[in-house]
Each structure stands twice: as C-alpha cells, then as structure tokens.
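Next come the structures, one after another.
In the two complexes that follow, chain A is the common piece, with chain B as its partner first and chain C second.
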Partner chain A sequence: MKIVADGLTKTFREKTALKEISLTVPQGAVFGLVGPNGAGKTTLIKIIMGLLQPTRGSVLIGGQPVHQDHRIKARVGYLADYQRYYPGFKVKDMYRLYRETYQKWSPERFEELRQVFNLPENAQVKHLSKGMHTQLSIILNLALKPELLVLDEPTAGLDPVIRRQFLSILMDEVAENGTTVFISTHHLHELERVCDHLAIVHEGRLIKSESLEDLKKKVRKIQAAFAGPLPAEVLQKPGVLNVEQTGRVYSITVEEGLDELAAELRQFQPLFLDFVDISLEEIFIHRMGGEGYGFKQILAP
Partner chain B sequence: MALNRYLPHKTLFWKDWKTSLPVFVPFFLVVTFATTFFLQTEIIGGREFIGPWPGFAYFENRLHANDPWMGAAMFLLTVALAAMTLGQERERETLGLLLAMPYSRQDILFSKVVVGLMQILITLVLNALLMSLLVWANPGINYFFGLPEIWGWAGHSFLVLTFIFCFTVLIATVSGTTWGNYILALIFLWFPVGFFMLLYMNFRIWIDIPMEQFDDPIPLLRLTIEALFSLAYLKTIPLWLIAFNDLIIHQAAAGIGGRLVVPYLYGLLAILSLGLYALAQFLFARNPLEKDGEILVFERLEGFFKLGVIICCTLLVGPMVAAGVFGRLGEEFKLFLIPSYLVAGVGTWYLINRLLLWRRTK
Partner chain C sequence: MFHIDQRSSTPIYQQLVQEVKAAILRGVLLPGDRLPSVRELASRLAINPNTIQKSYQELERQKVIETLRGKGTFVCLDYQVREDEERMDLFQNSLRKILVEAHYLGLNQERILALVSKQLEELGIGEGTR
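Moving on, here comes the complex of A and B:
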C-alpha cells in the first residue's frame, strides 16, 4: 500500500509541529523516518493513521483518504511508540479484540509469534513490562496480516536479542507478503539493515527523503592526508557536511560535489586520498549538524 | 435495510461491557439495595401489620430515613458510568488504539452509549421483576404501592437516567478527562436550576424582599425555578416512588385521583436524550485527540464555559462577600453589592484561567 502525504501542516495552539511535509512511500518499501526528539515524527505518524487531523494538507493510503474512510485501517497495522492496552484485559482478551476486529486475522500466525516471544496467554496486560507490552503489540499487528505496517519506535524497550528477532520477523513479513513498512526509530544501525527509503525530519520540516541507496551514493566521506594544512575555503564549500581533522589526516563528509572536491584536494598533493562509505548514523549526525542540531542540543536539559 | 446498522459492533460492545464493569457493579448494587433489598426489609417489618392499615406516617418515616442518599448515589453513579465512557479511554490512551482500528468514531461512541443504557435498563428491569415477585409472594401486607407503581418506577427511572447518561456523554465529548466530564456534567445538569435560583436570590436582595417573606413579587421567575427544579430533581427511586405515592394517596383521599407526572414530560425527556446523543456524535467526530487530558477539548467553547462559571460565581459570591462584611440586609449592603460582584467576577475569571492553563501545561 502506497502512502502519499501532501503539504501536511499541523499546528498545536502556537506551536507548528509539522510544516508542509510532502512525501511518498512506495508500495512494498521499507521506509525509515528519522529525526531528533521533538522533530514531529510521532505527529506525522498519527496524522497518517488518521488519529490527528492535519491543519492543512492531506494523506492518502492506498489512494484513500484515511480521515474520511476508516475501512482502510482494516489493512493497516499500527504500533504506537508506547501502545496502551486495557489494563483489566489479559493477553487472550487482546487477542479476541483483534481477532474479531480484523477479517484477515491469522490465529496460526498469532500463536506462532506468541511462542517465539514466549508471551503467556493469561498474563494481565497491566502486569506486562514495557518490553513485553511492545512484544504483544508486535504480535497483534503482525497477526492481522497487514498490507501496511506503521511502526513508531517499535524496538524501544526490547532487549538486543528480541530486537534482532523482531527485525528478522519484519524482514520475513516484507519478503513473504510484500508488506509496506513505515518505521520511525532512533536505532539507525538497525534501520540501515532493513530500510530501503529514508526521510529525515527536523523541527517539523522534511529535510531529506530519498532511497537509501541514492543517499549513500551521494553522502560519502573523503579521507586524505596532507603534508601541510588545507586552506579553510576548500573545506567550507557548499555540500561539505562535516570536516574532522586528526593530525594531518582529514575526514571530509560530502553530500554534493564529491568528485569536484576530490579533484580540488588532489591539487594539494595529498599523501593519500580515499573514498569511504559511511553509515546511516554518520549521515544523520552530519546532516543534522548542518541543520544546527548537534551535541549541544542533545545535551541541553 | 440491514438490522446490524442499528446495533453496535459486537466486539466493541463486548469490550465496552468489560471495561465498564467497575462502575456498573456498584451501580447495580446501589439500586438493588435501595429498591429490592429495601422492599424485602419493609416486608419483613410489615408482617406485623397484616390486617389493619398501620397508617401512612409509619411507611413515610421508614422510607424517608433511607431514600435521599440512595437517590443521590444512583444519580451520581449514572453520571460516573457515562463520564467514564470516553474519559477512561482518553486517560489510558486507548482511544488511539480504537481509532487506529477499522471503526468509525460513530461506531465507538454508539457502542458505549448502548452498553451504558443497557446496563441501566438491566438493573431497573431486574429489580422491578424482583420487587414484583416480592409483592406477589407476600399477599395481605398493606403496601402503599403495587405492581403498576413498581413498573412505572422502572420506566420513569430509565427515561430520567437515560437523559442524565446522554447529557454526561455529551459533556464527555467536550472535556478531556474523566473528572472534567464528571464535574462539568454535575455543574451543567444543575446549571439551569442553580442559575435561576441565583438570579432569583439576587433579585430579591435588590428589591428588598426578605428571604423569609412568603409573598412572591416575581411569581414567573419562581415558577420557572420550580419547574426546572422538579425536572432536575429527577426523583429517582425511592425518592420518586415516595413522592408519587404520597400524592396519589393524598389526591385519592381528596377525591382528585390525578397523576403527578404528565406524560409529555417523558416524551420531552426521550426527545432531549436523542438530541443530546446526536450532538455528542457530532462533537465526538470533531474531537481533536491532541487535547486529551485538557479540561476542554474545543477552544471555541472555552469562552462559553468561562462566562457561565463567572456569572454564577458572581451571583453567588457577590452577596456572600457583601453579607460577610455587613452581616445583614440593608441599604449599605446593596451599595456594597456592586464592588462585591466585581471582586467575585474578576476573582473567578482569574482562577478559571489559571485552572485551564494548569491542565494545559500538565
């Protein structure tokens, strides 16, 4: 199922949480949404799910406006950042609620996943830990056989083993059923393993949205060593995201004009010059640094 | 036309039934205690009077000793039952779960209203049945009510409680917390009565009519208050039953034989309840979920609510401040009323703004 968001703006009283966000999630894609805390990721997800009404703009899921047509949600699984369930319910009550709500519900899939995560059927929801809560949410949303999975911080609270298990199950789901996945997370190294498209939001604005392959082709690092210091103007060209210097070795992260910069650097007769692939986490950190979001903001109270 | 269009979704119905049990159980117990259990006690106590009529005062005193708080509990629990319908979903953040499922907002609210009304109906019918059985199984005891009154009570109470329930559900669609729903519903259920009483009290102060004076210079206003008061007083069991029988007995003795409550009042209650439900659906469809947890979820309604509270507090606190200073009625008291109104109005305006801001930033 394809998602098309067009000009989404959301204002809460005086605060604008989203500013003119337009993006397309292709059918069958695993689309990662990243951004610092408070960037507007959860607001965007809630608008996509029809939980919040945008101040301006629209969202279509599978060509249908989700706000007007709630039936489209029968084909969508949604895992909220911390999904609350009815505290008086047991796991089996939640199973019943989902089973009787979703027509394509698979009891076999539920049982299979319940055993993988080892979740007791008679456990009271209020007694589940945060991680178990998330596991229950994962099981319920995968067992409804969704065509689209919207996941907001799905691995928060999960231990590394379960996290790996979840990602593997998610990949199987995509491979077997062609499920479209829209996932927001801070675990960028995990996202890098699973996603094929990426969007970065910051302060409510979409600052990047493209395929991961294109992004990683564009954003690369040049490592070079020089006998003497480089002139500052060379390192301040547009497209240079970050420069790190350790002794005579420079690590320059470049988003645009990689070849041009390399040609210019070669004029300074480097001792060596290499192109290095960089991780999604590095891209994110350098890209956000370019937006004025750095460690100062992260450490600020 | 498919029948299931008029029935709630069975999964939502099951879920709402299960989640509303913590209030439904006390509601059921209170009603049962106030009616069936009470009647059983009376029957046991009344056996000694088989034969000669013990006199009305005997029953009247016995019943009046128990009724007020039971009637109030029934009223308050109905408000609680309705206040919880949406309030708990908002506070527990499970409304998001429901809205992410393939249910419309209309389905969600409809199921909650049907569950609540069914719980009220079951409670009343079951107790009416039990009371009928008790009356039938104990012939020869002098009761001042029989089967028609018992079933009349059930029907009356259902309509009255339906009105209260629907009114509170409407409030629940404009307030974002259970306590907000509860308190605002109580305030606004009594608002017409309270408002007219306050107006009446202030008028009397201004035209120098002592409160003790029986002659009424403004009978229309007083009549309005009484009419509204009898509507809002609700007279649920056993309050209503007592008042009803009280009048029938006295009227019968006087040869009037009339009925206290006119049938159109019930029709009006039913239409009002439907109207309130329709309005609740209209507002719930427009509920901004990001305002869950705030006292009012619609910014546009804030002005109306503030104005209502400020006017009432001004009318109530103004005379209290003036009376506190002078301790009696008089010309100087009246002159002091104007600054008292101002102090009360500005004070309430300040407090209410602080309260709204506090909830918003919480």
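Moving on, here comes the complex of A and C:
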C-alpha cells in the first residue's frame, strides 16, 4: 500500500512540529524514518495513521485519504510508540477483542506467533514488561494480515534475541506478502539490513528521502594521503560533508561532486587515493553534523 | 551458512555475493547444490528480500548460480573460475588497499608474500586449481 504525504505541516500552539513534509512510500517498500529525538517522527506517523489532523497538507494511503475512510485502518497494522492496551485485560482478551473487531484477523497467525515469542495467554496486560507489551502489539498487528505496517520504534525495549526474531518475521512478511513497511528507529545498523528507502527528518523538516541504493551510491568517502600540505580551500565545497585528517591521511565524506573532487585531489599527487563505502550510521552522523546536530556539540562541555 | 556484518561499510548485497562465492570455494556449496530461496534467506538473515534478490541477480550475471523456474536457485554445474576485466579492476583496488595497510603495519615484501601463500594454502587454492 503506497503512502503519499503532501505538504504536511503541523503546528501545536506556538510550536511548529512539521514543516511542509512531502514524501512517497512506494508499494512494497521497507521505508525507514530516522532523525534525532524530537525531530517530529512520531507526529508524522500519527498524521499518517489519521490520529492527528495536519494543520496543512494531506495523506493518501493506498490512494485513499485516511481521515475520511476509517475502513482503511483494518488493512493497516500500527505499532504506536507507546502501547495503551486495557491494563485489566489478559493476552487472550486482547485476542478476542481483535478477532471480533477485524474480519480479516487471523487467530491461526496469532497463535503461531504467540508461541514463537512465548507469550503466556493468561498474563495480564498490566503485568507485561515493556518488551513483552511490544511483542503483544506486534503479534496482534501481524495477525491482521496487513497490507501496510506502520511501526514507531518497534524494537525499542526488545532484547537482542527477540529483536532479531521480530526483524526476521518482518522480512518474511515482506517477502511472502509484499507488505509495505514504514518504520521509525534509532538503530541504523538495523535499518541497513531491512530497509530499501530512507528518510531523514530534523526539526520538523525532511532533509533527505531516497532509496538506500542511491544514497549509498552518492555519499561516499575518499581516503587519500599527500606528501605535502593540501590547500584548505580544496575541501571547502558544499558537497563535502566531513573531513577528518590524521597526519598525512585524509578521510573526506562527499555527498555531491565525488568525481570532480577526486580529479582535483589527484592534481596534488596523492601517495594513494581510494574510494571507500560508508555505513548508514556514518552517513547519518555526517549529514546531521551539517545540520548543526553533530557529535562534537554533544560531547562539548 | 552466510555471515553478514551490518557494521561493515561494504554494501550488504556485495557481502552476500562474496559469502556465496566463499562457500563454494570452501566446498560448503557444491556445483548443482540448491541455494535457499530469497524468502528463506530474507527471514534467516533478517535482510530485505530485495537485497537478497539483488545478490542472486549479480551471482547469476557472473554465472556462479542459475535459477530454474519453479525449481529454485542452484550453483552452476559448469561453474568455473574466470577472469573478468571489471572484476579484475575491483580486485586490484582491494588488493592495493590491503597492501597499503600492510605497509603501515611495517611488513616487507617477503612477509607479505609469505602471508599470501599461507592464506592460499588454507583456502585450498594451490597451483593448478584453475
């Protein structure tokens, strides 16, 4: 199920939480949403789910406006950042609630996954740990046989084994049913495995949205060493995200104009010059550094 | 069977291509052996199925594996080691990086060659393998 967000703006009283966000999540994509805490990720997700009304702009899910047609929600699984299930309910009561609410909901799938996660059916919701609560939510939503899964930090609070188990089930879901997934997280290594598209939000603005393949093709690192000093202005270009220098060796992260920069650097007779692939985490850190949200600032006294 | 390092800067699809080739080289996978389906591997490794698909396509392009419609994906029966200009370039680049690293470690030519021989022996790539 495709998601098309167009010019989403959300203001809460004085505060602007989202500014003109437009993005498209293609059918069948696993789309990662990243950004620092307070960037507006959860607000964006709530608007997409029709839980918040945007101040301006619109969202279409599978071509339908979600605010006007609530039937669409039966086809969308949603893992909120904070689950609020009825505390007095037992796991099996939640089972009954979902079975009676949603026609397509599959008791077999629920039971299969409940056993995989080893979730006791007689446990009371209020006695579940945060991680088990998340597991319950995952199971309830997957049993919906959703065409779209919207996941707000689904792996927060899960132990490494359960996290891996969850991602593995998620990828099976994608491979088997072509389910579209929209996932927000801080675990960039995780996204590197599971995502094919990525969007970065910062202070309510969308600063990047593209396929992981394009992103990793574009953002690369040049590693080079020079016998003599390198004039500073060579590296002062808008496409250069980050420069690290250790002795004679330079690590230059470049977002645009990689070949041009390499050609220019070659004129300074490098001892060696190599292109290095770069991890998603490095891309994120350098990109956010350019937005004034760097490491150094965090570490500074 | 295949190990993927998500912290590595090498793209995951390339890691998988290398892993499959290494498995064939070590004799873990033999010509004619069936590879796991895209779905199986996506779930087992917790990796996007499109990435797995891309690795398989690349391996097919390099004639390492072949897909028989409705039957699955197999290691090519006539799998042979072959030279390919583009891949030779890539290889030479990787080799250069390693040699620079070796130089910084203070290894001389003799030590480097000895290490290479040892690795070749361990991998079973002796003389006359081709």
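The rule we apply is simple: the second predicted complex is superposed on the first by the 295 of 301 C-alpha atoms of A that agree within 3 Å, B and C clash if a C-alpha of one lies under 4 Å from a C-alpha of the other, contacts with A are read in each partner's own complex, and residues count from 1 in each chain.
Definition applied: a residue touches a chain if its C-beta (ideal position, glycine included) is under 8 Å from a C-beta of that chain, and two chains touch if they have at least 3 such contacts.
Not measured: the values here are computed from a predicted model.
Aligning the shared chain A places chain B and chain C next to each other free of steric conflict. In the superposition on chain A, contact is made by A:53 with chain B only, not with chain C. In the superposition on chain A, contact is made by A:89 with chain B only, not with chain C.
Once the two complexes are overlaid on the shared chain, A:71 sits against chain B while remaining clear of chain C.
Legend: residue contacts after superposition of the two complexes on their common chain; A:31 is shown touching neither chain B nor chain C.
Once the two complexes are laid over each other on the shared chain, residue contacts for A:272 go to chain C alone; chain B is not touched. After the chain A superposition, the centres of chain B and chain C are separated by 150° when viewed from the C-alpha centre of chain A, nearest 10. When the shared chain is aligned, no partner comes close enough to touch A:182: not chain B, not chain C.
With both structures placed on the common chain, the touch criterion links A:110 to neither chain B nor chain C.
Applying the stated contact rule after C-alpha superposition, one finds that A:193 touches chain C and leaves chain B untouched. In the composite built from the two structures, the nearest CA pair linking chain B and chain C is 26 Å apart. Chain A uses no single residue to touch chain B in one structure and chain C in the other.
Only residues 4, 6-12, 38-39, 42-51, 93, 96-97, 100 of chain C touch chain A when the two sit together in their complex. Chain A contributes residues 30, 164, 167-172, 174-176, 189-190, 192-196, 216, 221, 272, 274, 276-279, 282 to its touches with chain C in the complex. If you check the complex, the residues on chain B that touch chain A are 10-11, 14-15, 18-19, 21-22, 92-94, 96-97, 99-104, 288-290.
Taken together, the chain A residues at the contact with chain B in this complex read 12, 46, 49-53, 70-74, 76, 78, 80, 83-89, 93, 96-97, 100-102.
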